[in-house]
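Below are structures written as structure tokens.
Shared chain: chain A. Partners: chain B in the first complex, chain C in the second.
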Partner chain A sequence: MEIIVNDYTKTIKGATVLDHVNLKLHSGVCYGFKGKNGSGKTMLMRAISGLINPSSGYVKIGDKQLGKDLSFPESIGILLENPAFLDNYTGYANLKLLADIQGKIKEKEIKEALSAVGLDPEDKRKYKKYSLGMKQKLGIAAAVMEKPEIVILDEPINAIDEEGVVLVKKIIFEAKNRGAIVIVACHDKEELMELADEIVEISAGKIVEKKEAV
Partner chain B sequence: MKKLKTIIKIYFLLCILVFFQSFFGLKKKYACGIDVFVRTQGLAVWYFIVPISVIIGFVFLKNEMNYNMIVRKKNIKEIWLDILLNIFHSGYIITFLLFLSCETIAVLYGNFYKWDETTSLFYMLTRGTLNYLNLKFFIFMYLVSTFFYVVISQLLVQVIWWWTGNYVMGMLVTIGLFAVLIRNGLPWLMRSGVYYDIWTAPISNFYQFIFPILLIVVLIGLGYLKRKRDFL
Partner chain C sequence: MLLRAIRYDLKTGIFRKWFLYLAFGILMGAFAEKAYQWLNVFQLKGSALDVLLYLFKGNREFRKDELEGFEFPFPFMAIMTLVFFFFVYYVYKEWKERSSLTIPRFQDKSIWWISKCLMNVIHVLVLLVVSLLFVSLVAMLHGSYGLIYHSQVFELLEWQVLQVNQIWIYLGICMPVTVLALTQLELYLQLICSPVVGYVIILGLLLISTFYYSKWIPGDYLILNRTALMREGGITPLQILVVDGIIILVTLILGLWTMRKKECL
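Right after this comes the complex of A and B.
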């Protein structure tokens, strides 16, 4: 599968947040978004997820255009800047709620995803009692539990301890190996080089460079 | 389970509100329980229902409009449908709970139905002309207008949010609009009041049922007209 971002421009209240972005993303590759704060990394992720609509240009997922043939990619898991869950549900209950929307996975896969990020599937604590890193881990579990074709992780290792970082790397590696398109943003240069196969550098809503990670 | 807990919370909230109403109302000698019902249900509908349903709508958006849920939906129409289902669920749940809490107080009051007493509030308000009124029909009209209040106020606030992305604006517009309408009396909401000229006037099917249903259909349609939407 392929994601094509074609001449994508997005203006919000007069400010151009994405400026004629052209990008082609392929299966089995991890792309690392790099750029200063406010450069548009998260916006580009929203554009690919169908959460925003272009002022001009388009995004195609395979041969289907977002906003025309479909509203959101058929198989996608995302973690954006802050994880979004219900405060009064446990981690498992939160994931179950999400999984039930499409009904693709059952209890077993949800618990596997929780264990994979280093959370205890039997933990009875509510989400609001989770620590910062635990919340982040739950966000990652939600993004990958359904084994989607597109995995988007915005600053996935934020607030995560060393052990956790090893697990996240493993998860990203596995997603890539089963043929997913993986997109990560990360402010740590070395970690990004390690996670990503290709680095996409964004500045002021424009893609300024796309190169192999070395 | 979680839904049930929320419902129970709302119920207690309503009970407290209704209790205060009837407490203050006790000064105005009620002759019977149904007087209390008339008074509490009517006042609750007028003063509490719109703000409460607007808040329920807000909690719903906060919980269900996050990116994790959104990207798993088939399309934007399905999201609007979810919003609509929530509105209708809260519509009949609130109507039922309010009825239950007002009825509880009415039953606790003792003498349930004594409209032929000259001390009865209802007797006073209708100048004694209506003690033949069909009680079932009377309560039914209360329930219908409560339901319409909840559904129409929530639909309005959600449609405004759906198109502009601004919930606070929708909230202010809705609460403001309903405050004005309630002050001036709207034909389709009228049976929520108990006044001589209201209950002696013939029931107009158009204003009582068809007009609010048309309004609901139009508001639902307005939501479906929006094909693209940014979720920031």
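Right after this comes the complex of A and C.
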């Protein structure tokens, strides 16, 4: 499968936040979005997820165009900035609630996803008692638990400790291995180099460079 | 998919708020208890039905020529403040904060909105059951079982129920449907502006209704003495259901239309 972003422009209240973006993303590859604050990394992720509508241009998932043949990619897991989980639910209960919407996975897979990010599936603490890093880990688990074909992780590791980063790398590796398209945005250049196979540099809503990570 | 969406909203919107339903029940029970104390002074025996009618009888509207006539209906406003508090932030937060988690899983923004509206129907049914339950409970503590109407209670109030056979049409249909319509309006306002605005507009409507009698302001439909049940020429069930129906339909359709363009930012 591939994702095609074709001449995608998005203006919000007169400001151009994505400017004629062209991009082709392939299965089994992890793309790293790089760029300054406000350059448009998160916005491009929203565009690919179908969460915003283009002012012009389009996104195609396989041969289906978002907003025309499809509202949202059929199989996608998203972690954007700060997702709001329910304060009074445990991590597991939060994921269960989300998983039950589609009913594709059961208790076993949810617990596996929690373990994979280094959270204890049996932890009885409520989400509001979680530390920042734990919250971020739960966000990653929510994005990958259903083993989607597209995985989008917006700054997944900025609050996560070294041990956790190793686990995230493993998760990304596994996702690529099963043929998923993975997109990661990250501030730390070195970390991004390690996570991603290809670096997409964005500046002022434009893609300025696309190259292999070394 | 719609079924799964409703199940999600039941869990996050309704089950999670069980304590508010409990608070609502206790509030209704407390007002019922107060009503009984008042009835006891006159050594009258009232049923749960009498108490419900008494609680929602409402006040006489404000009239310039009668200085003594207006009494602010604190119990009514207290109950309504709570009734419309349940979902003050729900739609707003579900969209603003949780949509990136939920919407791609629902795969459809229309389903998301329809499900919120259907959740509201269940919410209103729960409110109805909870009120009946708690008021009946208090009635039982006062030795009254069953739901029978006693005209003596209302003679004392110098009010009378004009159409005894229609009491349940008002209590069981018109009032719940009005709450449904107003809550749906509240939910819709959260989609297009801020949650607080929605809440304030609804409470504002109810406040206006306590002062003025109008057949077109839905707040009046929740005040029984403005309706044909207790007033000659008052608002009829047909009128109530037509206006409520229009509100429900229009907000449902406007919501769908808003959702089509709405972005998750």
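As a convention for this text, the second predicted complex is superposed on the first by the 214 of 214 C-alpha atoms of A that agree within 3 Å, B and C clash if a C-alpha of one lies under 4 Å from a C-alpha of the other, contacts with A are read in each partner's own complex, and residues count from 1 in each chain.
Assume a residue touches a chain if its C-beta (ideal position, glycine included) is under 8 Å from a C-beta of that chain, and two chains touch if they have at least 3 such contacts.
Treat the numbers as computed from the prediction; the structure is a model and nothing was measured.
Undergrad: Is the arrangement of chain B and chain C around the shared chain A a clash or a fit after superposition?
TA: clash
Undergrad: Between chain B (first) and chain C (second), which, if any, makes contact with A:S131: first, second, both or neither?
TA: Neither chain B nor chain C is touched by A:S131.
Undergrad: So, A:S115: does it touch chain B (first), chain C (second), both, or neither?
TA: Once the two structures are laid over each other on A, A:S115 reaches no partner at all.
Undergrad: Where does A:I78 make contact in the superposed view: on chain B (first), on chain C (second), on both, or on neither?
TA: After superposition on chain A, A:I78 lies in contact with both partners, chain B and chain C.
Undergrad: With the two structures laid over each other on chain A, which partner does A:S56 touch: chain B (first), chain C (second), both, or neither?
TA: A:S56 contacts neither chain B nor chain C.
Undergrad: Taking the superposition on A as described, I'd like to know which of chain B and chain C A:G103 touches: first, second, both or neither.
TA: Second partner only.
Undergrad: Which partner does A:N22 contact after superposing on A: first (chain B), second (chain C), both, neither?
TA: neither
Undergrad: Is A:L86 touching the first partner chain B, the second partner chain C, both, or neither of them?
TA: Touch status of A:L86: both partners.
Undergrad: Both chain B and chain C touch chain A; at which residues?
TA: Residues 12, 46, 49-53, 71-73, 76, 78, 80, 84-86, 88, 98, 101-102, 142 of chain A touch both chain B and chain C.
Undergrad: Give the list of chain A residues in touch with chain B in this complex.
TA: Residue list for chain A touching chain B: 12, 46, 49-53, 67, 70-73, 76-78, 80, 84-86, 88-89, 98, 101-102, 142.
Undergrad: Can you check the complex and tell me which residues of chain A touch chain C?
TA: Where chain A meets chain C, its residues are 12, 46, 49-53, 71-74, 76, 78, 80, 83-86, 88, 97-98, 100-103, 142.
Undergrad: Can you list the residues on chain C that touch chain A in the complex?
TA: Contacts found on chain C: 4-5, 7-8, 11-12, 16, 93, 97-109, 261, 263-265.
Undergrad: Looking at the complex, which residues from chain B come into contact with chain A?
TA: 2, 63, 66-76, 228-232
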